[in-house]
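Multiple structures are listed underneath, in structure tokens.
Both complexes shown next keep subunit A, but they swap its partner, so subunit B is in the first and subunit C is in the second.
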Partner chain A sequence: MKMRSKESWRSRCLSILGRMVPYLIVIGALSIVPVFVKSYYIIDLLILCNIYAVFLASWDLLTGYTGQISFGHSLFIGGGAYTAGLLNFYLHLSPLITIPIAGLVAAGFGLGLGIPALRLRGPYLALATFAASGILSVLTSVFWKYTGGEDGLYGISSLTDNIVAKYYLSLALLVICCGALLLIVKSRYGIGLLSIREDEIASMASGINTSKYKIVIFTVSGLFAGVAGAFYCHNQLHVGTEELSLSLSILVVLMSVAGGIGTIIGPIFGGYLLIFLNEWLRFVEDFRMLIYTGAVVMILLFLPRGILPTFILMVRYLIGTRISRSGD
Partner chain B sequence: MEDILTVESLSKRFGGLYAVHDLHFSVQAGQIVGIIGPNGAGKTTLFNLLTGFLRPDSGTMLFNGEEIVGKKPHEIVTKGVARSFQVVRPFHQMSVLQNVLVPSLSKKLLKKSLSRASHEANARELLESVGLGEKTGFLAADLSHGDLKRLDLARALATEPDLLLLDEPFSGLAKAEIDVLLPFIEALNNKGLTIIIIEHKLRELMKLVKRVIAFDFGVKIGDGTPEEIANNEAVIKAYLGGGARGFAAI
Partner chain C sequence: MKLLAEILVYGAVQSAVYALLALGFCLIFGAAGVVNLAHTAFYMVGAYLIYTFMDLLGLGLYLSLLISVIGVGVIGMIVQQFFIRPLMKSEMSVMMITLAIAYFVQELILSFYGPVDRNVRRFVEAKLTIFGMVDIDSQRMLTLAVAVVLIVLLWLFLNKTKAGKAILAVAQDREGAIFIGINPDRVFLQVIFISALLASIAGAFISPTLGARPHMWEHPLIRCFAVVILGGLGSLEGAILAAIIIGYSEVVVSFAVSSYLGELLAFIIILGVLIKMPSGLMGSKTGT
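Right, the complex of A and B next:
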């Protein structure tokens, strides 16, 4: 009996390791990038991608997985960015301190938004999240003496002066935050989140305390978005209203949907793709926005599941394996 | 036998209309009780009250001697009341297995601190018993109506209830499917599960239950054996209008 349990433990470890292989390959590839890529411009872009990955994955936990439609993710991102920015600008606290505090403050915003959000569903919730992010934006104008108003605050300290080191820090941010988010959705509680997205009434009838789940998820989503927002602020050396803007919230939704929501990895992929697409199109500057938005519309029209899930299905189809039904 | 469920003076109004009006009844542990009544009689409202989805305007509901008025749906599930839905509510974009695993996250089942693997084994066994053993990996969205009904039942059973509320389990099912489901429900009851069942298919219902409660306009108009109910004047009037006789022949 003992032998068997030892064996099953070993086989479980092996199967977990097996499932981690694709992630390890991607992380491995990302960690050798600076060896081959010497262009600071590209590395800078990759840092941006890594930060956005956390914005997108934390949004996906809330909306893609739990079905709580948020059009106000900039509340958490900007909340984190402004917390870090103000703490650093006025109190000269190091990023090591500002980033965790920013995460906690944004988690508080998540909690504060999550409780009233319990009463709202679908488009009404989306509007409420949108309005909530507007409140913070207005507050930065009201207290312009402290926040710098439209201009924001310049001269925020950098994480490090070495761009390669900064790249690795952003990679660590990606791995830790997105890893934690993946662990949450792959844990046994993951199906609880999905059940709320699929049918909240049936979820309650199955014994799920949906209110508790939703509040926790709002808080966790806020936490990670806030941490990444603070990182972003220290990366840009500036905090401003664009971190609180509706366009950022929409960009988060757009990139996630294009990548494939409800998968955590899909939105991250979507972020990388669209950030690079946007930059590559700079050689046709006049048509850049036209091609970019056109490409997004095409993705939404023809790949409604998102790029990554469609791509995975295609690969499975091509190598002739039976299309596995999700989750089993 | 002691009462597992006692409902007293239960009322629920929507606007000026009583959906449930001053309802009194009790169910003994191990009983299987049918609830009948024309559309809009308040049957599903009663289930929504019993499971915490609606709050009654007045009255008490005791489950195993404990007051459940004001308790949230998940708390009532934890106490041991499960329900199925008249119109099935599967988690469409989840696998059949995942659908049945969701109740393993209820407080009641978490308390047992079983491993994920044993919850999965239990869920597979349950799916096997309702005849979905071959389809555990399917998306719920890909199932037929009959399979979805079975999935709904399996999910309710996965909460490990003491009282099961079935809301029209036979609706939309072919005769062959009912012929399988009927003995299955009977077997659940024989194993000691208390069941309350709302059903319009009276022929099937009368085979299954030994006691029927009849409703009309939120008021209890009859309570007795299937034969008594079939010959009850008020019931016949509610279903067929005044003057109709020979209801038992249906």
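Right, the complex of A and C next:
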């Protein structure tokens, strides 16, 4: 009896390790990139991808997993970015202090939006989140004396001057934040979130305090988006209205949907793919955005599950294993 | 006194344009449950088509109006048939695809016409003086008149004709409508045609005063949301009432303080109404 439980414990450990292998391979591959890639341009782009990955993954926790459609993720991103930017610009606090504070402020926004949002569902919630981010964006224009208005604030201090070191910092951000998000969704708690998305009334009936879950998820999503937003602000050395804009919220939504929502990994993949597609299309500069938006429309239409889940399903089909839960 | 009269006239014009836009948005949401974020893209295409036919190709006013308005209606039907219908099961997918389409249209226009504003020739020249003191160009008054006529026509169509009643029936109960022999897919096509038609007429008539710009769809979309939310999603009477409230309050705020506040007002109305009374002024469905 004792032997058996030890055996099962070992096999469980092995299976967890086995499941972690793909993640470890990806992290390993990402961490040796600077050894081979010497182009600062590509590294810069990868830093951007890593930051966007956190934006997308935190959005996916809220919308993909919990089904709370948010069209206003720039509220959290911009809230974090402006907090860090203002603290750094006026009080000259170091990024080490501004980034955690920015995360907390954005988490506060999440809490503040999450409570009234409990009453709303579907398109109504999407419009409310969108309006909330719009209010913050207009407020920065109204208080232009302090926020720099449309131009924003320049001269935010950098994280480090070494671009490779900055790359590793962004990778650390990606691994920590997305790792935490993955842990949340793979836990018991994550199953509760899925049940809210699939059938809120049924999950209430099975004893899940859906209100508490939703408020917590709004807060957590805001926290990670705010941290990444602050990181973005210190990376760009600038904070401006584009970080609060509707187009950023929409970019987050479109990239995540293209990658495959409700998987955390899918949106991250979508972010990398679309950012690189966007850069690669520069050789047709005049039609770049046209092709890009056209491609997004086609992905939404023909691959409604998203690219990564479809790809995984195809691979599973080809190697003949039984198709288990979609997008796992 | 002069200021008051100005506010009265400009507010009426503003409200009329918002009402035209919001009615189309409302109609397709009420009938099909589609939140069409590409709605104001139709408005923009209407403005650009009238510019192309009237100012670039030199066709007459009536002919170019006819072509562009019908053209946008057909574009709407294509969007519904090939892009919205396959995804209609999920509200979220519909929102995303229409948003992506709106951006695609914006990029299409940027690559064809460039980022510069285009001026559209006025349909009618002449200055009008109303109440003996408000100078307003006749183009705005024409827009107001056309909007009022169209709203009346829409009301008559929905309530007095068989096709209109079919639309209302589908909006009320889709399955019930199928039982009495109405094909909802066909009704959706009609609805999106009318909705795109209204948006393009608003765009075409407003373009001589505001010009045609590749980003002109963004602000009206926000106003459209505010109107529709305040009126109650899906309620046509509510949309008209809300358009008047928002049109006037925006003009008052812009006259009195600044145009930033006008925009802030729209956002605050959306958020406040959604949180405090999700069914709006006259909506029957609630947000919860």
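Keep in mind that, in the parts below, the second predicted complex is superposed on the first by the 320 of 328 C-alpha atoms of A that agree within 3 Å, B and C clash if a C-alpha of one lies under 4 Å from a C-alpha of the other, contacts with A are read in each partner's own complex, and residues count from 1 in each chain.
The definition used in the following text is that contacts are C-beta pairs under 8 Å (C-beta built on N, C-alpha and C of every residue); 3 or more make two chains touch, one makes a residue touch a chain.
None of the values given here were measured: they were computed from a predicted structure.
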Worksheet item: Which of the two partners, first being subunit B and second being subunit C, lies in contact with A:284: first, second, both, or neither?
Response: neither
Fill in: First (subunit B), second (subunit C), both or neither touched by A:201
first
Practice prompt. Answer with first, second, both or neither: which of subunit B and subunit C does A:134 touch in the superposed model?
Written response: second
Worksheet item: Taking the superposition as given, does A:122 touch the first partner, subunit B, the second, subunit C, both, or neither?
Response: second
Item to complete: Name the contact category of A:246: first (subunit B only), second (subunit C only), both, or neither.
Response: second
Worksheet item: Regarding the shared-chain residue A:304, is it in contact with subunit B (first), subunit C (second), both, or neither?
Response: second
Fill in: Touched partner set for A:24, first subunit B, second subunit C, both or neither
neither
Fill in: In the superposition, subunit B vs subunit C on subunit A residues touched
C
Fill in: Contacts of A:192 with subunit B and subunit C, given as first, second, both or neither
first
Discussion item. So in the superposed three-chain picture, is A:210 touching just subunit B, just subunit C, both, or none of them (first/second/both/neither)?
Written reply: first
Worksheet item: Which residues of subunit C touch subunit A in the complex?
Response: 35, 83, 86-87, 90-93, 95-97, 99-101, 103-104, 106-108, 110-111, 218, 222, 225, 229, 233, 260-261, 263-264, 266-268, 270-271, 274-275, 278, 287-288
Discussion item. Residue numbers of subunit A touching subunit B in their complex, please.
Written reply: 188-189, 191-192, 194-195, 197-199, 201-210, 262, 324-328
Fill in: Complex contact set, residues of subunit B against subunit A
51, 53, 72-74, 77-78, 82-83, 85, 89-95, 97-98, 101-109, 116, 119, 136-139, 142, 155-156, 158-159
Worksheet item: What does subunit A use to touch subunit C in their complex?
Response: 63, 69, 71, 116, 119-128, 130-132, 134-135, 138-139, 141-142, 246, 250, 253-254, 257, 286-287, 289-290, 292-294, 296-297, 300-301, 304
